[in-house]
Structures are given as structure tokens and as C-alpha cells.
Amino acid sequence: MTNYIIRRLLYLIPVVLGVGLIIFILFNVVAGDPAPLLLGKHATPQQVHELREQLGLNKPLYMQYFDVVRSSFTFDFGRSWATRQEIFEMIKIGAWPSLTLTIPAFFLSTVISILLALVVAFYRGKGIDLFIRFLCIAGMSISSVAYILFFQYFFAYKLGWFEISGYEPQFPDFFSYVALPGIIWIVLSLGPDVRFFRTVILDEIYQDYVRTARAKGLGEIKVLLKHVLRNAMIPIITYVVIQIPFLILGALLLESFFSIPGLGGITLNALNSSDFPVIKAMAVLSSIAYILFSLLTDILYTVADPRVKLK
Amino acid sequence: MLFATLLIQNSKGSDMESPLLSIKNLTVDFKTTDSEMRAVDNISFDVPMGKTVGIVGESGSGKSVTSLAVMRLLPQPPAHITGEILFQGKNLLGLPEDEMRKIRGNNISMIFQEPMTSLNPVFKTGAQVAETLMLHRGMDKKTAWEKTIDLFNEVGIPNPSQKVHAYPHEMSGGQKQRVMIAMAIACDPKLLICDEPTTALDVTIQKQVLELLAKLQQEHKMSMLFITHDLGVIADIADDVVVMYRSKMVEKDKTRSIFETSHHPYTKGLIACRPDLGANPKRLLTVSDFMDEEGKGLMVTRERIQVFEKDYAAKNSNEVLLEINDLHTHFPIKGGFLGRQVGEVKAVDGVSFKLQRGKTLGLVGESGCGKTTLGRSILRLVEPTSGQIIYNGQDITKLAAPDMRLLRRKMQIIFQDPYSSLNPRMTVGEILTEPLVVHGLGGSKREQLDAAKMLMEKVGMKANQLNRYPHEFSGGQRQRICIARALMLRPEFVICDESVSALDVSIQAQVLNLLLDLQEEFKLTYIFISHDLSVVNFIADEVGVMNKGKLVELDRADRIYKQPREDYTKTLLGAIPKGLPKNLESFINS
Amino acid sequence: MSSQDTRSLWADAFSRLVKDRWALISLLVVVTYALVALMATLGIGMPDWRSSLGIEYLAPSGEFWFGTDLFGRDVFAKVIHGTKIAMSVGLITSLIAIPIGVVIGALAGYFGGWVDDIISWFITTFSSIPNIMLLISITLIMGKGLLSVYLALGMTGWVGLARLIRGEVMKHKEREYVQAASALGGGHYRKLFVHILPNVTHLVIINTSLQFQTAIKSEVILSYLGLGVQGEPSWGTMIDDARMELARGVWWQLAGATLAMFIIVLAFNILGDALRDALDPKLKGK
């Protein structure tokens, strides 16, 4: 077990090197020279040269790659080109609004989806199953942007039930700001989640051990809630936990729409203003989080499934 | 045999009581929107108090569906059940679901074929047994666990107080089936339904489980409904037998009568086609000796069912085709930091033998003994670790890939599973001509197809079926196609790896006869790998017994069965269900 | 059985597919959209979206089914043009992503060992960066416009398929029919291309229907963010326009684009499910 964890943590190194490489190729090689972009059309060659010096862009390419990698391991991402703030500070400030939106929404959508999937699995093949499955597919077929626009217009602007946009960091004030984007998040997640959980549960329902449980005299609901769900939890855990690292990044579209000053908004602003260091930092952090959470998935696996031993 | 006689004596005089279970005109249809299939067709039989009734039949005969119908475990729809299932006078088919639930696992319980998958993998085995007790007996957790330990003890699981905490994957197949039995008898059921309970187990484990079931039946005064495809097992355990064929019940009688004076041609065929340990016939009788394709009985004359003894000396020759010297195949066990190798599994651990041209060497052993790895190592489908494989005087372990590929024309293999060994996306024609295409043999496309047609006929198929796909054929037919494919390159040496194990007994007999015919016609040398000692006894000239990667005994087939030297061989032979002697004389009806 | 009524698994699957009424309707929808897109590309018989045919913000009527926009242009004509953009994005990104996914997945699954180690590392690296970020970064760096959208979606869309194909090829490699091919003397080429790949092709087909709709949905987001098509209407830019229009009670541009996208994505979803049921041999007989 310990061996396994150490091995997986060591795997962080090649992955971060890889992420660094992708980012380096995109931003340092393909993107070309950002200096004229930052200084505007009327910059003198002298100014361009000084800026390049300052940003470390006149170093040889391998040194620039080394800089990307070094910052990934030291978390010293430098300053934003756009706002001149320390990037690490920006991230610390932006994390809270993002998490107040994503964590409750993610938690609720997961719980609701599992419950719905159980209901649907219980009535498999019957009218309600077909109906909910159709709703899921239909819901997934509408653009997320359309959802956001419509919900904001209808529930916040027309009916005035929620704040149209903005954010207050204090508890419990933020609830009135994150409620509507949270609801949109849940509506967006229900379709794919319910469909996935239903498939997973139905895969288990046709297994031999379920027949044994029925042959014992257990009722259908107990069979479903105890025997089936416990086994279905194994793929469900993977599906759920691996989404968590992306929660930290926030919800790009939702945050920008509702003017929530979270990491999603920061990322989008950085993308719009070609603020490369911020984008690099976000990419590296999310990939580190991804590896850590896939390791967590593996560890949770051993809890959910006694057959799995990590070696 | 001992417990079977015991049972017969014990059950004398109890015929007068009303039967515990009475099935009347049971019919099960499976209806979907675009198809309808009758799985069970109007069958009626009784299970008397304290007795065992066996249902015997081949796959698709409807025997398992019958047992699931009694438990009301068939999903309805698609299943549509009519008739009556009377248990202690009550019609189970008319009971509301929650009444039925009180009977399941309590008054009637069931054991299934696959102990590997029938237990819930994420719960402790003890908890799964205790669950039944808590459900039907209203026990609290502590009492239920104590009782579970007793039950584990009763079904012969060693260290019961520790083993109740084991998960299914921490137990062997036999132990898992014992847990299933403990679960089934936990509430002292009146009726125990066993659906092929020993089919997935090794023969020595099968014997133990059957003995356990017989003992428990005595002690708990249960009735049993025992479903199996194996007449040998039925003979050992059942008082009465119901024979099912294509969803109909064709015969029911006392077990002894079925063996001695069966009336239905299918039953006769089924009994006659079973390879017998005590005899060494040249060919096996098949169901088609007794019954035509429409299911009508044939005239059975003495000539028709006469069998000739095998002549072991006839095939003797001095030419050694294959010589194996101290062959080892080890698989590494990875583990530890950075996946270092921490040990190895010695799947084949120093095997040596010689095989003469034209003979058949049978390799028998229980699962995990290394027989399959040995077969694949000889063909270098798995690379052996060390040792020599001398084929026709040449050590092939050192051959480079192109030379080895050339040699594959001479050495072929037929696998166990006729479903996975044919590429589902290729036509039979493409499958059969592929060996020729690979080796650039057989001339034009047309000539290759002609060769394929010829072999199709040789293996008893129709030549015009070449443009069909594998899924359009039955298991037996697919195995014939596999045999034809193996012979396309005109090999001299063929390994049959459990090649008849997935087939029904009646089909198995036909395929075994076919293999013998082909051996004679094409002068083939076989290695025949099987877990079934009776089958190997029939087909092989020499038999090697394998255990834990080693060849423990190697001798002429009839000698190894009559005078086994090693203890392991004796145990293995002792575990085979003997059945009752068949009385072929009584089958003659002209 | 006569030898005439023989059917391959493909023919079998197709007959099962067309028996499913909803799948058939979906297939027709997809074909219709494809035809509309094709005709719009060739400039045959499609309404004109460039000219101001009416006054600004006319509500839907007999003349303008989906109303008009700020410049008095026919929204229906814009939706049709958006169909062309959407279908081209679906097609071209599939053409990029699917071959990459199949080749990479098959190599990793078949050869295992260090080939697999490297490819798995590559896949993990790629999936560890949030997809939307990668998409936006690529479009941003390549320059705003349709070409960048094709490239970005094509270069990120292969990951899921590669992982799927890798696993399937690994499984099939151990099947007895592949072992039989080895025993016959078949080489790597034969085992991989003649035996294994035809047996995973159904997954590629199912995945293409998924890739198509993901691409369409992503194009809308990218265009909405102003990174996609420039100077011509797409469903995404129309929805972006609607942001300002909704408050003025102009809902038809949002509705038109959303409806057009809803129908095609729904059709792909239903078709994808039906394909899975019809093509997946595992489910046969269940």
C-alpha cells in the first residue's frame, strides 16, 4: 500500500513534466512573442527588448522550459502580466468563491443523481424509467450557454428570485449569489450523471449474486439498496472523485456570467488578456490535483472493494 | 455409492405421504416484442418428502428454468408461467410477492452453479449467511453470527470462527460453494434446490460437496431437487430422475430404472454416449444411434450398438514425434516498490515425456495444475522458461520467429471455447482459408475455398455453409469449424485443449468420434488436455496425470485407470462419479 | 436454413437499428442536417443571411419563421448557416480525433510494455488538464476562428476513444480467436488489423456519434466566448447576441439557435444509444 502510494506520487513527476511540455509548446513555441501583444502596436524595439528580458523570453528555449517546470514544483508562478499580482495570491483569493459555488452544487447533484438512478433502476423498463431517461437525454441536448442565459433571465431578472450577478464572500451571504448558478450546475449535471449511474446499477442488477440475494427472500428494495448499490459504488466513486480536482478550478462559464470572482473567472480573464503565466499556473495546479485525486480514487477503491489490493 | 444406497433404503415406505412439491402442467414462455420461446413445455412431476429428485438434461432443455420457476425468480415479463407449483399444498404461482419472499431462503432455498459469482464480492461471507438468519429467524446480529459459525462448522469449513470474516475472493471455489450451502440450510428449509452445484468444481471437490449435500439432507430431513447435466452425479444422489429434452419432459422414473430400462430413445442415447471408466471402446455410441433428427426413436439392433474394444498395441511405432525434456514455464509475480519481480509461479515445473507418432497423449489434472500452460508452451504460444521441446528431432525452443512460423503448419491447436475461438466478424470461409493465406499456400482463392469445402464435409458440416458467420452455428458446429481450421494446413500434430469440455454430453460423443476418425485419416498425433478423466480414458492411448506443474504419473490409458500407482492419481480416480452400470442389452428393441 | 439468408454481425446490427423507430427518426434527422449543411456549403437553394430583408427585431411570423435580428436579417437563414458551421465542426473534428484515438489506443493496447507506458503517460498528461482550458488555450494561440476550433476540438477529442480502444484491444488480444491466429502463424499485422480492429470498430462508430455532438456543443461555447467563427453566424454567436436581446424581450434568436442545436444533439444522443444496443455484441441476447 505505502509502496503503491509512493510510486503513484513519483508518477507526478513525469506528468507534471508532460503538462509543462504541453504548456511550454503552446505558449512559448507556438504562440510566438507576447511582448508586442502586451505593449501594443506603438512600442519601440527598445521597450520590446526590455520586456522580453524581464519576462525571461530571450533565454534559450530549454531554459524557458526549465522555468516552466521549476515553477510547477516550487509553486512560484511569478506575477500576472495583466494585473501584476502574485499569481499564488490570486489563486488563494479566488479559491473561496469558486469552492462556495462548486462544492455544494457538486454534492447536491451527486446525491440527487444517485437517488434518481436508484428509482429509475427500480422501475427499469417501465414508463417512469423511459420518461426520466428521455428527460436526461433531452436535458443533455440543450447548450449549457442557453441554460445559463435563460435561467438568469427568467429566475433572476424576470421573477427576481435570485441575485442577477455579483458575490459576497461572507457566510451566509454568498448563498444568495451562488444559489442560481448552483442550480444551473445541478441541472446541467443531472443528465449525464443519472444516465451513468443507471447504467452502472443495471450492470450489477443482472449479476449472479443479486439472484442469490433474491433467493434468500430479500425484498427488491433491500436488494437494490444493500447488495446492488454497494457494488455499484465502486465505479461511482471513480466517476465522482475524479471530478473533484476540476471543482477547484471553478465553473468557467458560470462564474464569468454571474460575475463571481473565483478561479474560473480568473482563468477566463487570463485567457482573454493572453495572461500566459496565470494560464500556466492553473493548468499545472489542476493536473497536480488530478493526479492526487486519482490516487485518492485508488485508495477509496480498496475501501469499497475488498478484492482490490494496491501493490 | 455408499450414501446413494443409504438413501434408497431410507426412503422405503415413505411413498404414501403427499409430496412436498408437486409440479403440474408447468409451462414457461419467454415473450419479447419480437420473439417467443417456450422454455418449459407442460411438465409435471412430484418431489416426495425427504427424497431427492434429479432433473437431467442438456443445455437449453429447460431444467434450470424449471428450478427458477419454483423459486419464482424468473423476471415476469419476459417470462410467462402457467400451470401449478404446489408446495405443501399451496400453489406458489398464486402467492403474493411478499408471501413468496417469506418462503424463499426459509422453506425453499437454492444453490447455484457458479460459486465464484453467486456470492456478493463486497460483503464478508459470514455476513451473507447471517443476513438470511436475521431476515427469516428475526435473530439479532450477535446470535446470527454465532449461528453462522455453527453453520460454517456444519458444512465443513475449517476454522469457522475466522472464516466467517473472510470475503468470497479469499476462499477457494469449493469453500464458496460450502458457504452457499450454509446459507441455504440456515433456516432448515423443507426443500433444497441445487442447480448444477458441482459443475464448476474440480472432481475431487465435487465429490466432497455431493457427500456433504447427502449428509445434510439426511440430518435436516430435506427434500432435494437436483439439476445437472451429468448422469453420473444423478445416479449417485437422486432417488427419482426426470429427463428433459428440448423443454419437454421425456421420461421420469426411479434412478435405477432409468439406467437399466429407460424407454425414451433420448434417454437411452444419453446413457449410452457417456464415456465409461470401466470400458475402453473404440468408438462411442451417440444419441443419433437411438434417435433421428426429428426426435423419433430408431430401431436398435444388437449390431447397431455393438462396441469394439480398443487395441492399444495397434498404434505402436518406434518413431518419436515429440520429446519434452525438463520443460519449465514460470510466470513472474510483480510487486513491491516499482513493480520488481518478487517471485514466480511455476506453472510448468520440469515436465518430460515422449510421444510416438500417431498416438494420443491425454493430459489430465485439476484446474491450475498447469496442463493448459504446458500445451501452449509446447506450441510456444507461451514462451517456456527452460527445457527442450524436440519436435521431429529438432529443438524448437531455439527457433527464430520465421522458422517457428513455418513450423506452425505442422503443429496446431484446438481451443476450449467454441464461442471465443472464432472471429465473429469473419465468415467461415474466411476463417478456414486464413491458414492458407497466411502461409501463401493452396493456390488461387477458388482452390483455397475448395479445400475448405472438402474439410467442412470431413468434419460433418455442409460445404455450402462457407459464407455464414460463426454466430449462426451451435456450439458443437463451431467446434467442428475449429477442428477444420486446425486441419487446413494438414498438420501432423494437434493439441486439443479442453476441446470438448464446453459441449453437451451428446455433442461431446460425436466430436470425440470425429477426432478419432480424423486421426486415422490424416495420421494425426494428438495431445488431448482435459479435466475429465472419463473422456481422456476414452480418447487417449497414454495418459499423463498432472499436479502442481509436474507430471506425476504417465502410463498406458487402461493401466493408469486399473492400477494407478501414485496417491494423487488414486484420489482423482476415486472422486469420479461412477454412475450406475449401463445395460445396453435392454436398449435393444428389435 | 438456406445459405442465402446468411447475415454478418453488421447486417444483423443494421436490421436491429432500423427496427427501432426512434433510431430511424434520429438517423433521418442527422441525414437531413447533413444535407442542409452540404447544400449551404455548395450555396444551393439556401436562404440569404447576409442581407437585411426586414426591419430590426421582427417577431417570428409567416415571412420570417424565426424573426429578424438587430440588422433585420432573417434569423432562420442564420440558423441554417449555423447548421453548416456545426456540422462541419462535427465532421472535421471527428476526422482528426477518431484516427488519432484509434491508432494511439490500438498501439498501446496491442504492444503493451514500454509502448503502453509512454502512451499511457501521454493520455494521463492530456486528461489531467481540464478540457475547456486546453480548448480555449489552443484556439487563443492559434488565433480566433473556425480553423482553430477544428484543430482544438480535434486535438483534444481523441483521449476518451484512445483509452477505450486501448482497453478493448488488450482484452481481445487474449481472446482465443487471436491466439488461434498466432497458432496459425499469423503476424502482428494480421492479428491487429484483420482480427482485433474489426472487432472494436463498433466502438469507433458509437464514439463518432458522441464526438460529433460534443464537438457541436463545444463549438457553441467557443463561439459564444468569441473564440470561434468570426464574421458569420453560428449557433454560438447567435446565443451570444441573445445575451443583450433577452432583456428587450427578443427571445427568438436564442430559441432558434437552441432549438436547432437541441434537435441535432438529441438525434445524435438517441442514435448513439441505439447504435450501442445494436452493435455491442455483449448485449446480444440480453
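Residue numbering begins at 1 within each chain, and the chains themselves are lettered A, B and C in the order written.
Note that a residue touches a chain if its C-beta (ideal position, glycine included) is under 8 Å from a C-beta of that chain, and two chains touch if they have at least 3 such contacts.
On a predicted model such as this, the values are computed, not experimentally measured, just so you know.
Peer 1: Which chain maximises the distance between its CA centroid and that of subunit B?
Peer 2: So the chain farthest away from subunit B turns out to be A.
Peer 1: Given the two chain pairs A-C and B-C, which is bridged by the higher number of C-beta pairs in contact?
Peer 2: Counting C-beta pairs in contact, A-C comes out ahead.
Peer 1: Using Cα averages as centroids, what's the distance between subunit A and subunit B in whole Å?
Peer 2: Computed from C-alpha means, the inter-chain centre distance equals 51 Å.
Peer 1: Taking each chain's centre as its mean C-alpha position, how far apart are subunit A and subunit C in Å?
Peer 2: 22
Peer 1: Could you please state the distance in Å, as a whole number, between where the Cα atoms of subunit B are centred and where those of subunit C are centred?
Peer 2: 47
Peer 1: Can you tell me which residues of subunit C touch two or more of the remaining chains?
Peer 2: As it turns out, subunit C has no residue touching two or more other chains.
Peer 1: Using the touch definition from the top, which residues of subunit A touch two or more other chains?
Peer 2: There are none in subunit A.
Peer 1: Using the touch rule from the top, collect the residues of subunit B that touch subunit A in their complex.
Peer 2: So the residues of subunit B in touch with subunit A come to 71, 73, 98, 101-106, 109-110, 112, 114, 117-123, 128, 131-132, 135-136, 167, 169, 180, 183, 334-339.
Peer 1: Which of the residues in subunit C come into contact with subunit B in the complex?
Peer 2: Going by the criterion above, the answer is residues 1, 3, 6-10, 12, 19, 175-177, 179-187, 190, 194-195, 198-199, 281.
Peer 1: How about subunit C: which of its residues touch subunit A in the complex?
Peer 2: Residue positions touching the partner: 121-122, 124-130, 132-134, 136-138, 140-142, 213, 217, 220-221, 224-225, 235-236, 239-240, 242-243, 246-247, 254, 257-258, 261-263, 265-266, 269-270, 273, 286.
Peer 1: Please output the residues of subunit A touching subunit C within their complex, sorted ascending.
Peer 2: Those residues of subunit A that touch subunit C are 14-15, 18-19, 22, 26-27, 30-31, 137-138, 140-146, 149-150, 153, 157, 206, 246, 249, 252-253, 267-268, 271, 274, 279, 282-283, 286-287, 290-291.
Peer 1: Which part of subunit B faces subunit C closely enough to touch in the complex?
Peer 2: 34, 376, 379, 381, 405-406, 408-409, 411-413, 415-417, 420-427, 434-435, 438-439, 464-465, 467-469, 471-472, 482, 485, 489
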